[in-house]
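Okay, got some structures for you below.
You will see chain A twice below: alongside chain B first, and alongside chain C after that.
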Partner chain A sequence: MNLPAQTETCKPAMLEIIDLVKYYPAGGGSLSSPQENIRAVDGVSFFIKEGETLGLVGESGCGKSTLTRVVLKLEEPTAGRILFEGEDVTAWQGRKLRELRKNMQIIFQDAYSSLNPRMTVEQIIGEPLANYCKDTRKERRRNVRELLQIVGLNPEHLQRYPHEFSGGQRQRIGIARALALRPKLIICDESIASLDVSIQAQILNLLKELKDGFGLSYLFISHDLAAVKYISDRVAVMYSGRIVEVIRAEDLTKEAGHPYTQSLLAAVPLPDPGKRDSKQAILRGEPPNPVKPPSGCRFHPRCPRAAEICKVTEPELQAIGPDHRAACHFVRQKFKL
Partner chain B sequence: MSKYKTVTVISFIVLTVMAVMVIGAPLFTAKDPTGVELTKTLRQPGQGNLLGTDEMGRDIWTRLLYGGRVSLSVGVASVAVSTVLGVAYGAISGYAGGWVDRVLMRIIDALLCLPSMLIMLVIQSMTRPSLTNVVLVIGFTTWMQMSRLVRTEVLSLKEREFVLAALAAGTPVWKIILRHLVPHCSPTIIVMATVGVGHAILSETSLSFLGLGIPPHQPSLGNMLIGGQNQILAGAWWIPVFPGAMIISTVLAITFASDGLQHILMLRNAGIEEGVKKWLKISKEAA
Partner chain C sequence: MEEAALRVKNLSTHFYTPRGIVKAVNGISFQVKRGQVLGLVGESGCGKSITSLSILRLVPTPGKIVGGVIYLNGKNLLQLPKEEMRRVRGKEMAMIFQDPMTSFNPVRSIGRQFIETILAHMDITKEEAWNRAVEMLAKVGLPAPEKVMRQYPFQLSGGMRQRAMIAIALALNPKVLIADEPTTALDVTIQAQILAEMRRLKDEFGTGILLITHDLGVIAQLADEVAVMYAGSIMEYGSITTVFETPAHPYTRALLNSIPRLDRDEGTLKPVKGQPPSLLNLKEQCPFLPRCDRAGKLCSTKKPLLTAITPAHRVACNYPLSTVIQEEEVSYRELACTN
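Right after this comes the complex of A and B.
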């Protein structure tokens, strides 16, 4: 599990995360009480191949956003390694980090707070260009216009401020900014969560078009299973700072092995509630406390299938099929392996 | 509410009038502020001298205009010094966070413990009094409050997503501070700076009154006051009263103006322009 994953062509993956850990101090640490940590990300490993979209789902507070910040190196990981195109970038600083940032960009959840309200669209989208390209003002303006056109905005709106745009348009500005440096990987951190459903579909389609047009890879983070299924090639499910299942998107509905994935699927509203599988229990209880996660399998207090072993031993991610791994003691039983 | 607006408008008018008179001083008087006329000492207001003359026969009105010029420019210049210093220090401290922030803030705490007037006196008594020295001394002893406020704002601003986005877009830290963080603190900075001008004028007058500020031959509001104190008993009330009134009205106007500014800027949603528009609308409705 600690070996770098090899894709079929033996090419290193675009992005690979190995046992990534991020703790935040949460009080304690004096003589009388031991140091306590919020275990936001607690040993996460995954990889993204070139041109692939990995969906990452999980409920609020499971560590998705922390993961993006650590992967982008906006925050230092507590432990673990980040490989980009086979190179260990975990300790990169200064000039090398600058070069890395050119290849990895992010689209945030809330397009409004991710755009500086005091800057015009030209300044916002031109900022990454100004940081890396020594072009003239005229050239930059031409580039920004082109980017606006690519994301489906009117190139005449260069001098407008973010508050003059609708939510969907603002998200397009955010996409244009992420695209400006022609990165290889874009992390979408709940990029459609704050939009209307109809706008969500437009943005999803735009992201798909851009992926084909520019040969991008995405790490697509969301709690909307339908959207994740639509855009992703593979889906990783996160629970309490850990990955509990990785599965091909087309298998998600039928083959999900981990009880948590199943309960997430069961929570998706159906057009006909009568057709709901009554055996699939809707998830109860609260998400675990990230300071003191449950012993053994972190999902056991909420799991309908929990047994004694779940309270004691933490299950490892185990391969069930091609591109399918799950961390559950009973998953092999289920698939009769 | 409307009473409040009236006060603000009046203070802005007072300040504008004063600024115009002080900057265009030669237009409002033909006399020389340092011109001694020993035949015309201690003249009452009226007779050829609008506000009378002092014990050396210098025209009070002329000295008031030129003295106001010195005092106001000391106020503005020293606030410029303290603002640049305070904003830079606060922004760096807030952005760096962690132990850097803690050390920098403890230094400020230590500096705030010392009474600034005392430091000013010590430094001024060691150096030769001059306009530049007064500006620098006031500037370097009054930047701490500004830097604390900016630091607090930066501390919360740096977690905002647009700052993270800029960081991810490869923007260097100094550019993030200058282009993203400081502009967002501008309401606080503007209000603090305005209040600071009033304080700086008071500090200048106190220093000059104690003989450690502007050199005595140059007119300044503080110098005029100290010149007047010996003559009050002789009945020459006009020597201290006019500069005194000028100090009080300037500082009051600045204080009220900054209060009003704060309200305007707190009303804003999308920027200062928006806030001013809203404020004008409210005052129109009130009127």
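Right after this comes the complex of A and C.
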């Protein structure tokens, strides 16, 4: 088992996940057929430092969303530990969990379905305040107004309903609600995916500003590699329930060591007609079945570099450079550690 | 000489709602050349999907095509009787949608739906149709096409469904393929597979493709020409390299500046401020005016028309970005003001 990571200042990480596993039953379980599991998250470890943004990328079905639900303690992990500011919160319940939730908030993908259409903006943003703070109505209204201003909305729109706002504005309401309790960590689960191109940049910049202004840490989950590179300090790449690479965002395009990360990067269509690559190596096949992941390295059936060892032994996530780890038998250490 | 497979001129489609007229498409013109891809790019609500539905004459009520002509191989589609239009759809012009799950019938096998399409347009036996379908499924890179024929849509992954959709669309060798956000619902590695497939099929069949998407990356990788749409109008139109490398419309430039890039360090992104306008009761002014950082006095009174600045590059802006040096840009602006 891995030991809790220490950041340079010996301060515990804001969030640390150790060997986290989440299985869902998938039929079977009788005498004739053994219980089968969907291995949504299968041994994931990472940490997020204070004030850091960790980007998490991967294709649909790789376990990103299950991971968020487990980290937020909306679901119980099958195994593994979750540490928040150095404290093991995996088994926390009741009042302690309630206090924990104050510090961990989420911004969802679809701001439309995550806002109650029958509540006004004041009620929506005020709800977490009402749940946690013993403030008067007047104080709360002042707080909500301030939050609206922070996220760039007109504070006069307190009494409006979600349908009166555009997609980008609704996402801002979702952000204001997440900020209301001044959390330390915000999980952004595909928070810009359903927005228009010109609005995505507005929200990305807003998230960046808020992070500096409030000293937030983000777990930024997205399938958009360019957006992840833009907002993150470090990027973790997930494939079939496992983390296959963790790398500094600024090194992502040049130093990526895992063949899967490289294929993902190569598959992103660049908005530059001068950079058309007709001979680009296109990743064949599709992500594996999470009930029966391939033996050895889970990426080996699609990997251009796969050899015999990859079918047998699953590679460890090993350090190959500063802030750079990859799980591949053929990735070379950049220097002696 | 290049011949246009599809020519759209001054197309306008409006929706007559209780709250007023929604001008979804306002007098747009473009052409799709044989064996080429025209990218139609724009944000949601800019009218790009209504454009494709208008071409197929499938505009939902209360929408109506209120003006313009659409020529497909010299035939004006807007004057065809309904029966004949039905023969055009699928045979001469096919469409693939964003989400192949909702465009397939979930309770019929892929094979049955495939054969149904072929038999509706061709006078051949069921067996011949089956063989043709299998051949097409193999052509779009589906492994075990015979098996796919017997499967139901839910048994296929998203990428496989989209491949099957493309196979059906191309089975009758249409002159024009309309692809509305064909890869938006797919993962990036699967998207790359589908884009490569479309590129290959276009070359093999000589199909003209109208590619509708909000993804500038997809456009840059696949399109030969691009039309940038905003609030129901085309703002800029030209060859893909010209428009992406020397955009003349402030909106195009703003869009290109607002996307995070993998291939360079962009510093801080410059988002387009504000939001797209409501298409309800559009005023006679430049629709981009409220968000534009170059707006001049003409913009609030005159809606700019799409005008050629070079033979292969057209822009609808009163003060287009100059592709030459700064001083000339200033004099050009003054010139435009005095006109």
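Before moving on, here are some points about what is shown:
Heads up, the rule we're going with is that the second predicted complex is superposed on the first by the 321 of 337 C-alpha atoms of A that agree within 3 Å, B and C clash if a C-alpha of one lies under 4 Å from a C-alpha of the other, contacts with A are read in each partner's own complex, and residues count from 1 in each chain.
Methods note: a residue touches a chain if its C-beta (ideal position, glycine included) is under 8 Å from a C-beta of that chain, and two chains touch if they have at least 3 such contacts.
Predicted model, so just to flag it, every value in this text is computed and none were measured.
When both complexes are superposed on chain A, chain B and chain C fit side by side without a clash. Contacts of A:L204 after superposition: chain C is touched, whereas chain B is not reached.
When the two structures are aligned on the shared chain, A:Y230 is found in touch with chain C, with no touch to chain B. Of the two partners, chain B and chain C, it is C that touches more residues of chain A. Contacts of A:R98 after superposition on the shared chain: chain B is touched, whereas chain C is not. In the superposition on chain A, A:L181 makes contact with chain B only, not with chain C. After superposing the two complexes on chain A, the angle subtended at the C-alpha centre of chain A by the centres of chain B and chain C comes to 80 degrees, rounded to the nearest 10. By the touch criterion defined above, A:L74 lies against chain B but remains apart from chain C after alignment on the C-alpha atoms of chain A. Chain B and chain C never share a C-alpha pair closer than 10 Å once the two structures are laid over each other. Taken together, the two complexes place no residue of chain A in contact with both chain B and chain C. On the side of chain B, the complex with chain A involves touching residues 160-162, 164-172, 175, 179-180, 183-184, 270-271. For chain A in complex with chain B, the residues that touch the partner chain are 69, 72, 74, 98, 101-102, 104-106, 108-110, 113-119, 127-128, 131-132, 161, 163, 174, 177, 180-181. By the touch criterion given at the top, residues 43-44, 157-160, 187-193, 195-196, 199, 214-223, 240-241, 244-245, 254-256, 258-263, 265-266, 268-273, 275-276 of chain C touch chain A in their complex. Taken together, the chain A residues at the contact with chain C in this complex read 59-60, 166-169, 196-202, 204-205, 223-227, 229-230, 250, 252-253, 263-276, 278, 280, 282-284, 286-287.
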